[in-house]
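After this come two complexes, each holding chain A, first together with chain B and then together with chain C.
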Partner chain A sequence: MIAIIGLVVGIVLGLVLTPDVPLAMEPYLPIAVVAALDAVFGAFRAFLDGIFDDKVFVVSFISNVLIAAVIVFLGDKLGVGAQLSTGVVVVLGIRIFSNVAAIRRHLFHA
Partner chain B sequence: MSPTGDLRPSAAEAAPPASGVDRLRQSFFAYSRGQAVVAVLVALLAFAAVTQARLTGENDTYDGLRQAELIQALNGLQSAARKAERDLAALQTTRDQLRSSTQRRATALEQARSELETLGVLAGTVAATGPGIQVTVQDPMRNLSLNHLLDGVEELRNAGVEAIEINDRVRVVAQTAFEDDPEGIEVDGVVLQPPYVLDAIGNPDTLAAALEFQDGFSDDVQQDSGSVSVKKEGRIDVKVTLTPSPPRYAEPVPGQ
Partner chain C sequence: MGEMTDSPPERSSKRLPPQATMGLLDYLTTHALDEDYAFVSRRKEMAAKATAAKTRPTRGSGAIGAFVLAIFAVLVVTAALQTSRNSVSSEQERRELASQVSAARAQLEDERALLRQLRAEAAALEEQQLRSDASAQGLLDSINLLGAKAGTLPVRGPGVRLVADNAPGSATAQSEVLDSDLQKLVNGLWAAGAEAIALNGQRLTTLSTIRLAGGAITVNARSLRRPYVVTAIGNEDTLPARFAESSGGQAWLDLQREVGLRLSISPVSSLRLPGTEVSLRYANQEESGGTP
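Take a look at the complex of A and B:
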């Protein structure tokens, strides 16, 4: 319940404040969002499995975001930023799909 | 991210007997520290996602491109600009060629027009005006023949006359024919009666001298009891024109 309220508050804040992203952060934001999405789905699945731990969730959330940003940064430095971003998005997308599949099994037993 | 990021349980069988849906239902109205943390992080995620979505929506063409992509785009634009410059140069060359050919054509047209005017004056197809003399030949005794008039015209031609008309009725050109007539003189089929008035355009002094020298036209006419008066004019109008008829037999030799 509180999580849903948090979701709504975040959306409203983003719409109302319309913050300007610093230019240096611009390439990392989309990857960071996908990584955080992966952490949230993972946490939801863990919750349904009954092994959810808020500390683990916080750490995984932050580390996911940081590692994704570092990979993109490294890729930019190495000159393969575009390819590496694509790779990160693909891997995270696969994880999100498998997590969602597990969640679906829990909720719909299918 | 193996120690923290992977939330997949390695031992799902260790879950409590209550199903996930039941746990979800229970926790929906139960509040805990964990839920607050989750709420904060989910809010952060939603905030970032909305911001990114808005950015993507308002991105223009080059915003958010990487350096390599920007260089590629720049190269593309530069080559497009070079191509446009080449096109521009080619088009300018074409324009200059067209302009010079237009000028040449205009010059040729101008030349042709002035030649047309020159020839028109000579052939009698256009009216002419300019300095000249007016010659009035009186013939009270009807003694003058066409030879006198022909002599006068010849003398004027020798003196470089450019246009002649007689009695404001006949234009004298290269093809003009003179014939005797009981009434007077027939010029190009038009019967003229004395006094004969010749309007001649040319240098007035030269023309006048050509008629008035010793034993010349004036003396001849006076010997046959006529009289000649020559009046130099600053402006003589020759208004009679002829309609040019294309030659039936003579053809221009090509290439001349």
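Take a look at the complex of A and C:
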């Protein structure tokens, strides 16, 4: 319950404040969002599995976001930014899909 | 996170870690969940077994998770807003540029019209001025003659109209009329005795060029569209035959036969060719001269 409240508060905050992303960080925001999405779905699945842990969630969230951004940043510096972001999106996307599949099994027993 | 660094203790002894033995995709799908959750829960269980008395509730208030979720929501909303804002601003930019272009074009057209009007006015005034003076009548005549020769004044007379066009039903660059083809055409007409030539209404003067610019053939800095209509004043009876004999005419005969370009020639009893502007910025008239 409190998690949903946090989510709503975040959405409202984002809409009200509309924080300006620094231009240098702008290319890394979408990939960070995808990484965060992976962490959130993983946490939800862990919650349904009954093994959710606050600390793990926080650490996985932050490290996911940072690593994804750093990978893309490195890729940009090496000239393979687009390819590396594709790779990150593919890996995270597969993880998200299989996590969602597990969540679906939990919720609908199917 | 953490898959690479710490492996749970019971696995580390004998077998290789799964990420080394599995294919990447298999590993990804089977280990979609961070192993740390399982690891931590197992550790907690062990800890709970060890100190069976003090069993804390496994989950806290969830405030931290909620906080992270709030951060996540802010991230998502920010990214979405940023993307939509960017697309809106680029669309706006595009529209603004387009409107600027059309405004500039309209202004250019206005100024051209003004220029035409002023030039006509100046010519009328000049004529009026010179006509009032009987001795200047000769001067006026010579000015008009020079203008007709140079291409700055419209001229009238018999001649031919040539229509050149791309080969029918093909869109390759090879079968299009090129600037060099038109140059040959015009050169052939000059050689055939044409006295004044206009290309799609653009009078050819001493400063005119026929060149390819930006994918369109450009004459007097105006882009032309096909079909290219060449009007030439000269002897309407001999002009077509002499053109066909000229090297330009021969070249066009080849073009018609080999490439399939179309060219039609028709004599016209009365043609009117417009004048155009010839502005000299560096070339000055010699002082003593002035003989036409």
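Here is the rule we go by: the second predicted complex is superposed on the first by the 110 of 110 C-alpha atoms of A that agree within 3 Å, B and C clash if a C-alpha of one lies under 4 Å from a C-alpha of the other, contacts with A are read in each partner's own complex, and residues count from 1 in each chain.
In this text, contacts are C-beta pairs under 8 Å (C-beta built on N, C-alpha and C of every residue); 3 or more make two chains touch, one makes a residue touch a chain.
What you see is a predicted model, and the numbers here were worked out from it, not measured in a lab.
Engineer: Should the superposition on chain A be reported as showing a clash between chain B and chain C, or a fit?
Structural biologist: Clash.
Engineer: Let me test your reading of the model: by the given contact rule, A:L48 touches which partner, first (chain B), second (chain C), both or neither?
Structural biologist: A:L48 sits against chain B, while chain C stays out of touch.
Engineer: Is A:V91 in contact with chain B, with chain C, with both, or with neither (first, second, both, neither)?
Structural biologist: So A:V91 only meets chain C here.
Engineer: Between chain B and chain C, whom does A:V70 touch in the aligned arrangement: first, second, both, or neither?
Structural biologist: neither
Engineer: Look at A:P19 in the shared chain and tell me whether it touches chain B only, chain C only, both, or neither; answer first, second, both or neither.
Structural biologist: both
Engineer: Does the superposition put A:F61 against chain B (first), chain C (second), both, or neither?
Structural biologist: Touch status of A:F61: both partners.
Engineer: Of the partners chain B and chain C, which touch A:N99 in the superposed model: first, second, both, neither?
Structural biologist: both
Engineer: Does the superposition put A:A82 against chain B (first), chain C (second), both, or neither?
Structural biologist: So A:A82 only meets chain B here.
Engineer: Of the listed stretches 9-17, 45-53, 117-125 or 207-215, mark the one in chain C with C-alpha atoms clashing against chain B.
Structural biologist: 207-215
Engineer: Counting contacts the way the document defines them, which residues of chain A are shared by the two interfaces, the one with chain B and the one with chain C?
Structural biologist: Residues 2-3, 5-11, 13-15, 18-19, 21, 26, 29-30, 32-33, 36-37, 39-40, 42-43, 45-46, 49-54, 56-61, 63-64, 67, 98-99, 102, which sit in both footprints.
Engineer: Mind listing the chain B positions that touch chain A in their complex?
Structural biologist: Contacts found on chain B: 1, 4-9, 12, 14-16, 18-21, 23-24, 27-29, 31, 33-52, 54-56, 64, 66, 68-69.
Engineer: Give every residue of chain A touching chain B within the complex, in rising order.
Structural biologist: Interface residues on the chain A side: 1-3, 5-11, 13-15, 18-19, 21, 26-27, 29-30, 32-33, 36-40, 42-43, 45-54, 56-61, 63-64, 67, 76, 79, 81-82, 98-99, 102, 106-107.
Engineer: Using the touch definition up top, name the residues of chain C that touch chain A in the complex.
Structural biologist: 1-2, 25, 28-30, 32-34, 36-38, 40-41, 44, 59-79, 81-83
Engineer: Which chain A residues qualify as touching chain C in the complex?
Structural biologist: Residues of chain A touching chain C: 2-3, 5-11, 13-15, 17-19, 21, 26, 29-30, 32-33, 36-37, 39-40, 42-43, 45-46, 49-61, 63-65, 67, 91, 94-99, 102.
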